[in-house]
């Protein structure tokens, strides 16, 4: 059985995440989605709580053949123990998927096999771009799954993001 | 849509948990299982990591009609903000199921509707009893789902528990 | 100008505290009341929040000639820096009043002048005794200022204490 | 009885704070002054300890008809539980006065009534401006109550601020 | 080159520690002495600060052929990341010497080679026994190196321990 | 007996540190080298762990007449208690050597004697410059003791620094 770990902050979950996860899932029996900076919310970089992000991911994914775990990872201010922290919170995994250089290095120094998932249309499909469009009233809904935009509306997320970005 | 929160430490997940959760799930569209003391492990009270407990729960549950989220809740040493902490890590929930008096009180003071799930054969179906039997080489496997005993064997859990309980 | 520091947990503020503070205040221009374990609440040892304790103290004291500061002191898990922690949170003080041996030792090693306030009728006038009587429905109101018992009723404190002590 | 909460960092307490507080106090029976970032000091943004700031505020205020609580609020690195944190440290309050957008949003999401106090001559009456003038030897004393400038001198605050800003 | 790690709390450093360390040092080019619970002091279990303990060890050891590092290890409340924490604070080591079952288990799950050092006259040569004798005015000096008893006197350690144990 | 404290981050230990320490050691019986930000690693500012830095320092120093302690100092996010934190982790010291203004101010407010060590060829002998040269493949080895460059190679430090600086 092959289990992969896909790490991200998902602020918010967007079409780039969805495509990458759908791609990597084809090689995996199980996929652990680690929701990073889980204790951050209500900032311009991290507007949504872990609970809100978990729901966005769960409602958007449709992976019939892969068992999915969505696990919030609260920050720990120690790079040297971060891998051990993630390992203790997640079901055991074999492979790590990330584009983040630091995450990549830390798992590599701990002996993990790393697979860099290729990002799809990286310039548009970024959380930064989604948040910028939300704040500036541009078309952000085309960048995220429909369930995400519905959830952001339900929690008054547009107003929240505008207010704290001011 | 009705969402319930079921809080426990699941050290380990046992047949009492399984029956209670199966019972309450019949009234719910969604169930959030909060895995408490998620940052504790390798102690006689909390032998298993959050990741190990998440897998035990996931492998043992078979709830076809209810959407389940399993969410690790790291401890926060402040009762006065604990409910807010849980709310931020979990998808939004309507009802709380717990037998713990403190958890009960904290959610009640925050205005939640609480439903005390009736424990099944409480004296036997307790984590304390399972851990005691493991340490003393008595029959503990009859108290837990088969997937739990298999997972505990896979991670050398019996030896771990005996060693740290010494 | 002479400023004194009086340290306690005030769970709850009782007649012993009131008499001691009234006594020491006669020698002081200013009195800082440090409310210890300010981040603890909803436990059988520390049932009330810092905010609730601050209000109990403020409503019960009537010191016309002494300027009073009531300052919550959150716990810091390091005895070696605890005095510096208290100094940074409180207006500067000259003398320390305490019956606690550890607090006494820590301030003494930091060079402070210490005055042990004599406790009045110590056996009855203790927070432990007040909490015990509350839980066991004995007469606790005679041990505390009237404003304290009124405040405890207002916040449903008797029920809270009974529930979390169970 | 109406109780208001006025939140600020007060680095240092200046004439703008004094006027705003004097204004809002006319509508209130009780006023809680929350001294934010109470655990920060000796930085160019937060030069003064909570204890020093509490004394500056206490010596400068003269509100005869309103009962005042000055409460240090240590930082908690979790926006999602920050309101609960403040609630646990302060006597219960009805209304919140703040110009800070994040504070405003967090209290609003928790269901509070918010009143934005109008700042008086905001450009000059800001802590940033006072600190800049201190470092650059310009006239800062005209921006703060006399008791504040006397206290800053007493603690050698000008030298401290210059040194840590270098 | 062979490097060993010897973990203890050294409250205080006693003749049992000295003999064990002298023994294991004969097999080692380098020895790292990890001073555990380095952030604890002024309690009956942990009376001495890390700095005081480092000096006691340094003054008592005479290992001419082995390079010694004495490293304070502050506590981290997470067993699952404790080994990574120790690894990040200490020079790289090959072997671990400990009598503590939990420490043993944690290093073993991380893949380390463990050598249990045999304790010498364990019943007498224990920190608990030394502290008990100090508090009860029995002969404790025979249990510790001369430099340790001199250092404890210099810092008024007997009085400190009696006072906080009261 | 005169003991000095020399505080730095040593990211990495370079020839400037070596010369300064050699200089000040001539006046001292004992020297405590405090390795600051000991819990930081794997960042572009703090690439090396405390353990790696301790080894670099130990292998590079040759002070025959001065007793040296190398002590990792984990960060504590409170300037007001930082001196007490350092005091508790280090053997007692009389004098402090630092070029950092904040460190200087904090020790001065605590009553210490401070000696500013003169930096040697400061522009080149800085950790920032060493790290910049490593990342940009310029000649960095001439700025550090030979044992440091050997240790950085052994731990694959060049690749680590390039990767996390990207």
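A few remarks follow.
Letters A, B, C, D, E and F name the chains as they come in the text, with residue numbers starting at 1 for each one.
Going forward, contacts are C-beta pairs under 8 Å (C-beta built on N, C-alpha and C of every residue); 3 or more make two chains touch, one makes a residue touch a chain.
This is a predicted model, so every value here is computed, not measured.
Contact with chain B and chain D alike is made by A, C.
Relative orientation of chain C and chain F, expressed as the C-alpha superposition rotation angle, is 180° to the nearest 5. Annotation: the chain A:chain D pair of sequence copies touches via predominantly different residues, less than half of the used numbers being shared. For the pairs D-F and A-B, the count of C-beta pairs in contact is higher at A-B. One inter-chain figure worth recording: chain B and chain F are separated by 47 Å, centre to centre, where each centre is the mean of the chain's CA atoms. With centres defined as mean CA coordinates, chain E is found 43 Å away from chain A. Centroids of chain C and chain E (each the mean of its C-alpha atoms) stand 38 Å apart.
Under the contact definition stated at the top, the residues of chain B that touch 2 or more other chains are 39, 41, 49, 78, 80, 87-88. Chain pairs that touch one another are A-B, A-D, A-E, A-F, B-C, B-D, B-E, C-D, C-E, C-F, D-F, E-F.
The touching residues of chain D, when paired with chain B in their complex, are 76, 78, 80-81, 83-85, 87-88.
Put simply, chain C touches chain E in their complex at residues 77-80, 101-102, 104-106, 109.
The part of chain E that touches chain F in the complex is made up of residues 38-39, 41, 49-52, 54-55, 58, 67, 69-72, 74, 87-92. Of all the residues in chain F, the ones that touch chain A in their complex are 39-43, 49, 160, 163-164, 166.
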